[in-house]
Amino acid sequence: MASKPCRLRGDRVTLAHGGGGRAMRDLIEEVFTAVFKPDSGEDQARLMTSALQVPGARLAFTTDSYVVTPVEFPGGDIGKIAVCGTVNDLAVGGAVPLWLSASFIIEEGCEIALLRRLVASMAREAEAAGVRIVTGDTKVVEKGSCDTVFITTSGVGVIPPGCDLHAENIRPGDVAIVNGVLGDHGATILAARGDLALSAPLESDCRALGHLMQAVAGACPSLRAARDATRGGLASALNEMAEAAGVSVELDEAALPLRPEVKGMCEILGLDPLYLANEGALVLFVPEEEAEAALAAMRSDTAGQGAAVVGRAVDKGAVPVTMRSAFGGTRIVDMLVGEQLPRIC
Amino acid sequence: MRYVEEFRDPKAAKGVLAAIARVADEIGCTAENPVRVMEICGGHTHAIFRYGLDKLVHDGIEFIHGPGCPVCVLPMSRVDECVEIAERPGVIFTTFGDAMRVPGSRKSLLQAKADGADIRMVYSPLDALELARRNPAREVVFFGLGFETTTPSTALTLMQAKREGIANFSVFCNHITVPPPIKALLDDPHMKLDGFVGPGHVSMVIGIHPYDFIPQEYGKPIVVAGFEPLDLLQSVLMVLEQIRDGRAQVENQYARVVPEHGNPVSLNAIAEVYEERPSFEWRGLGEIDASGLRIREGYRAFDAEEKFGIGYAVGRPSVQEPEGCACGAVMTGRIKPTACPQFGRGCTPDTPLGALMVSSEGACAAYWTYGGARVSAQVEPAE
Amino acid sequence: MCLGIPGQIVEITDEGRQMAMASVSGVRREVSLAPVADRPLAALVGEWVLIHVGFAMAVIDEHEAAETLEALRGLGEAQEALEAMAEGAKSLEQPA
Amino acid sequence: MASKPCRLRGDRVTLAHGGGGRAMRDLIEEVFTAVFKPDSGEDQARLMTSALQVPGARLAFTTDSYVVTPVEFPGGDIGKIAVCGTVNDLAVGGAVPLWLSASFIIEEGCEIALLRRLVASMAREAEAAGVRIVTGDTKVVEKGSCDTVFITTSGVGVIPPGCDLHAENIRPGDVAIVNGVLGDHGATILAARGDLALSAPLESDCRALGHLMQAVAGACPSLRAARDATRGGLASALNEMAEAAGVSVELDEAALPLRPEVKGMCEILGLDPLYLANEGALVLFVPEEEAEAALAAMRSDTAGQGAAVVGRAVDKGAVPVTMRSAFGGTRIVDMLVGEQLPRIC
Amino acid sequence: MRYVEEFRDPKAAKGVLAAIARVADEIGCTAENPVRVMEICGGHTHAIFRYGLDKLVHDGIEFIHGPGCPVCVLPMSRVDECVEIAERPGVIFTTFGDAMRVPGSRKSLLQAKADGADIRMVYSPLDALELARRNPAREVVFFGLGFETTTPSTALTLMQAKREGIANFSVFCNHITVPPPIKALLDDPHMKLDGFVGPGHVSMVIGIHPYDFIPQEYGKPIVVAGFEPLDLLQSVLMVLEQIRDGRAQVENQYARVVPEHGNPVSLNAIAEVYEERPSFEWRGLGEIDASGLRIREGYRAFDAEEKFGIGYAVGRPSVQEPEGCACGAVMTGRIKPTACPQFGRGCTPDTPLGALMVSSEGACAAYWTYGGARVSAQVEPAE
Amino acid sequence: MCLGIPGQIVEITDEGRQMAMASVSGVRREVSLAPVADRPLAALVGEWVLIHVGFAMAVIDEHEAAETLEALRGLGEAQEALEAMAEGAKSLEQPA
């Protein structure tokens, strides 16, 4: 089919692009479906995979809204996060990610060129992660009613029979492993936002973890549970897992992989890197005897190059998570209170 | 040298801890009859808990947490005044992140922001001034908060604003000074203190001689300390050595940063822009004479209290602290946070009653967050 | 109170307003040199300063720092020696 | 288990509730999961239904973001729309709606009591529609970065074997049927917004159409295709269907079910009710011989009381949709251009 | 009676159409040699297409679409001036929805809004005044647009604003009058018109005598008409009857709404607030003498042109209409929309080049939307 | 130009500012009665007016409307009669 002439005029989204009429159709066709290529023009994807028909297989279903400012930043953009984040939420549950939906809330005045870049980024990440974006939606809201663009993705995947990762599986003695450096995303966004006038040669760690998870699951038959440590950082993910499992977790401060720039940012602003957001950080628990296999499997994947044991589960103590400092002391690693605010004292 | 990791060396720590233990044994102090050392500065309180120093040092040393956290000593009434200014139409209210969660009697700045006030966190008063330059049609107010360490930064910023003639910028001044509350504590007959760890960053501005009255008038040792864990341990050792030797002096552990006479540019800037208030209210301590600063006549146009007719400019009611809150007693070291009936019940970092539970320098927050006492004080939320 | 962070001055950015770029572990932020501008600004490039709320509040004295560290390390080494001796003594006590 | 004491303090959402820490956990647990009751604390639902394992069954997957102002209005609220709209997008594709995800973007300052009302409304609608809200997400954005609350729902359902509704099935001679009055939602929102100072005794038609669709599908073996006529109104839905099918559609103006108040609102503002948004309007095509069966099936459901034949498909003409007025003339019914703006001339 | 559905009765329509056909046959007009009737008012153009009247009436009657759409005749330069005002900091620019999509040389108001200007659609100038009351710190500007029907509403609103002393409200006045362009058209030697359907709602304000010059000076019939389809058909019949009978008169089909002498309160309000401009620019027609109104001296404070130093207040360049646009020729009835080379190619309602494609009263939009000519002019978008 | 809608005045809302509530098929909006306030406002309640941009621009003359309608209906009926006659004539032409 010869390519249609472009009917989309103007550089920016106006309310007309959200009205349900021809301008909206043109926006959707030329910016979104031209790239995502859904199977039909109907408003629901119709899908089948033999994986779902294997007895014992289950369907995994998850969703997240993405609201990062700025929408483009070193190492990624809101589209990339929206694909990777939802792929990761499927993957950490043991699912093979298959299909995504993508829903856009667009601020009047948003540049159409920006939308095209975000869509291209999403398509690229989806392809790399082996998922398809099969259905979607766009809404346009008045100037000042949203912050440039919000993206909500939902994901559907298949959990193969017998796979049953959850935090309740964690037992005392299991070791906690992360896939690489922590806090890069949070520190990158703090710098990219510009209002603190900080700059650093950092990139977001935003990446899909599906292949990595499959590698670990293959290498570690007793893999207990996994989480992607996003908002609230490693500290919040571990607190949630420890509480769900009824164990405590002891972290080893010296073992935490942190870039000097991330430490520097935290020192300047009085923040704790354990609470910085990540977008490609995996934390998982395996029995000690499978730790080496897990590390080896992780290091064989680009997303797991910096894999390291950072702590271990112990019998349930007074608090869910503690950390032994290189200095010798031990402290509680609580859940984040509110959000981390830059401080001077 | 990066002046950070070097001062966290575990091997050296072992040595200092052993030396502390030896001197403590020489003094004969025990858990029942401890040497009571007050770290004045909230930064030190934070570091003690972050590195677990309280549990590492000899049992015979008890840390008493002093009033040196500018957020913790901010009275509720001043937070109310912040909110009042921030809610005025056209105002952009700027603040360090620390102050966002401190409860006022109506609401915190975080809640005021959620209610629609334009409140922005900045890293530096210079960033607030830049906001004023960029928003000429708005009134930009900076929440000036802090001890002598921070006071020069707002003074220098106001001098810059005056040079540039920036008319839409002002500072809501809450700067306070360290020596008056120390004097007040030493005069308190209930307080039993054997020595002090002095505030390193305040001293970098004011030098070490403002503490001369402590050994001279009260016979207590004080060691001005840095903020890395080895700095703190060494300072404790130096305090203990003075006690063992029967000395009482001002010593400087943090000589790499603290000059004997402080920083002349900063002291001049403070003197140029600010003057002593007759008195200023401290949370938990009440009004203390000559403990706060206000903006001088020559910078009146930049004084938010004058500009908005608020606070000490108009006479102000002191606000009752919340019921059951023992902040005053904790702040003055009379009781431990865990002895407050609200600790871990009505008052947690998520739902702080007092500022001591908000600031990461607050003794209650430090106890809670880093677990000093929470482990033993496992409490369920009260109904 | 008063978070203060060591950083290195890497470049003067505005001579007139006494502003410079400082680096803290590779993170850069413009700071005011006003409090330490008792010398030519150019002399500050390469120096480590103590930064608080966007101002260089003090130049860090490398010599003093070295002395402090030396004392601290001395205590550490002394303790190590002591412990080694104690260890040696203990092993001597035990029958081979 | 004894009910936990409420840990959520304050009346309004602050940024702390989005930070990933304890405040966020409390908000999610007390406002959302306490009502939606997901199966686990993991970030992905794990689901299975035998319906999916029937050979030939397909999975339907759809998503929409909901951004209505005001968020509560006569006849509904954004939560109700978010459930009904996505249930409807599944239903019109022939799927039995099963599971929804719900993702909230919340403006700092949003009243927690409002969130509780919206969540209750969603739970109520989900129950009535026979679907479960199985996974979700919350984000909090700065004051002024979104308009109170946006909700994105995604839906998963199962299309039974042999069911294959799509617009391409429509053939000349088929009749177009709607389930009831048109434009109520759009007119209600225009009045509820308040800026035009109009008031009218109207309610949104917001409702789930799953049961209605199943009733029609049961009664009409040759049901061709269905759409819910939301943004852009009936006109846009018919234009899309006609274009996809390669037919034209002739509407009969006199047959269109419209309330007098909706007509009045359109007269005052110079709008065309064919383009007003609906949230519970179904338009479907059946062969003429099944029209009576379809009407009867629809009228047996509360959502189909006003079912009426409004037009028919004809051989493809010059334009996709035309309408014959009661007056005798014929006019084109184009897709909506931009959005309908109130006009004076 | 609701005064709406009654005038859409299909049975009566059949009767009027038959009567029209009879009279047309008596006159002997045919598709090749039609009677050319201009409906002056865009509202009539809209109704003709919405009800398909052009296809229902006898072949011998050709409708010529007149310049009576205030949005369509708005020159690009005036849209540019709107955008310029709307983009000033602090301004809330209010407008009827009609004007939002009209292209300026840089952008439309819709695009300006997307770019960040605070532009709000209102239903009434009274709503704009209310916005001014509620936003005393903002400048609220109302885009005053329209013929004599609308002019009283802005005049009465300004009188109210003056009574209340609302200083932050002004009107960007683009009010125009109907008789001058009719005169211009009748003076155009290319125009061949046999009669007019007169604007009912304008006439409700000005009465029917301002049209006396049409029969008296030009010998053409005019019938002032209502807006329901039966009103229009009856008016066409009345025009044809005049032609058949060799009469030329001003007749009033819309007597239920149009008083012979118009509305005195409205006429007084217009006279109180506005005065004739020496000349005003019309899209496609150029400057026409005494065809526009401006705000009088006594209301100068409410004149946005004066307040913002814009438009006729400062001397203004006329902006070149877009290339290939035949709006002027269409507007004056010289060609049909389909004869414009841009129609359906560069110019569609989604991407209008001219205002005639924007307003639902514009002849091009009516042709496009309701299909008069699109069916025959199936065009693919050009590359 | 100039969308004008018939609506009925249902209530005076502000005597001083000459404001009233109008109803258009049950949709209510406050309108200014200024242009038609040549009589006591109370007398306008129940009247139908022609509304344009929030102003009642004219009181609709029921009598005139009825006359116009009568003429129109007359044309309709005449035509119906004519057609019936033509129909009758046609059926007569056709063999039974």
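We just call them A, B, C, D, E and F in the order they show up, numbering each chain from 1.
The criterion applied here is as follows: a residue touches a chain if its C-beta (ideal position, glycine included) is under 8 Å from a C-beta of that chain, and two chains touch if they have at least 3 such contacts.
All of these numbers come straight from a predicted model, not from anything done at the bench.
Visitor: Check every other chain and keep only those touching both chain E and chain F; list them.
Guide: D
Visitor: What is the shortest path, in steps, from chain B to chain C when you may only step between chains that touch?
Guide: 1
Visitor: With centres defined by CA atoms only, which chain is the most remote from chain D?
Guide: C
Visitor: Would you identify the chain whose Cα-based centre sits farthest away from the centre of chain F?
Guide: With centres defined by C-alpha atoms, farthest from chain F sits C.
Visitor: Do the two copies chain A and chain D share over half of their interface residue numbers, or under half; same or different?
Guide: Counting which numbers both chains contribute, over half are shared, so the two copies meet through the same residues.
Visitor: If you tally contacting C-beta pairs, which comes out ahead, D-F or B-D? Let me know.
Guide: D-F
Visitor: Averaging over Cα atoms per chain, report the distance between chain A and chain D in Å.
Guide: Roughly 30 Å, centre to centre.
Visitor: Determine the centre-to-centre distance between chain A and chain C, using the mean Cα coordinates as centres, and give it in whole Å.
Guide: 37
Visitor: When the C-alpha atoms of chain B and chain F are each averaged to a single point, how far apart are the two points in Å?
Guide: Here chain B and chain F have centroids separated by 77 Å.
Visitor: Rounded to the nearest whole Å, what is the centre-to-centre distance of chain A and chain B, using the mean of the C-alpha atoms as each centre?
Guide: So the centre of chain A lies 38 Å away from the centre of chain B.
Visitor: Residues of chain D touching 2+ other chains?
Guide: 14-16, 22-23, 196-198, 267-268, 270, 334, 337-338, 343-345
Visitor: Provide the list of chain C residues touching at least two other chains, using ranges where the numbers run on.
Guide: In chain C, residues 1-3, 25, 29, 52-53 touch at least two other chains, as defined above.
Visitor: Indicate the residues of chain E shared as contacts by at least two other chains.
Guide: In chain E, residues 4, 13-14, 42-43, 69-70, 96, 101, 110, 123, 127, 146, 150, 350, 361 touch at least two other chains, as defined above.
Visitor: Mind listing each pair of touching chains for me?
Guide: A-B, A-C, A-D, A-E, B-C, B-D, B-E, D-E, D-F, E-F
Visitor: Name, in rising order, each residue of chain A that touches chain D in their complex.
Guide: 14-25, 40-48, 52-53, 55, 57-67, 69, 89-90, 92-93, 95, 99, 101-105, 134-139, 141-142, 144-147, 150, 152, 154-157, 159, 166-167, 227, 230-233, 236, 240, 244, 275, 277, 334-340
Visitor: In the complex, go through chain B and note every residue touching chain D.
Guide: 101, 110-111, 113-116, 350-351, 381, 383
Visitor: Under the definition above, what is the set of chain A residues touching chain C in their complex?
Guide: Checking each residue of chain A against chain C gives 191, 196-201, 260-261, 263-265, 267-268, 270, 343-345.
Visitor: Which residues of chain D touch chain E in the complex?
Guide: Going through chain D, the ones touching chain E are 195-198, 267-270, 318-319, 322, 325-332, 334, 337-338, 341-345.
Visitor: What part of chain F is in contact with chain D in the complex they form?
Guide: For chain F paired with chain D, touching residues are 1-3, 5, 7, 24-30, 51-53.
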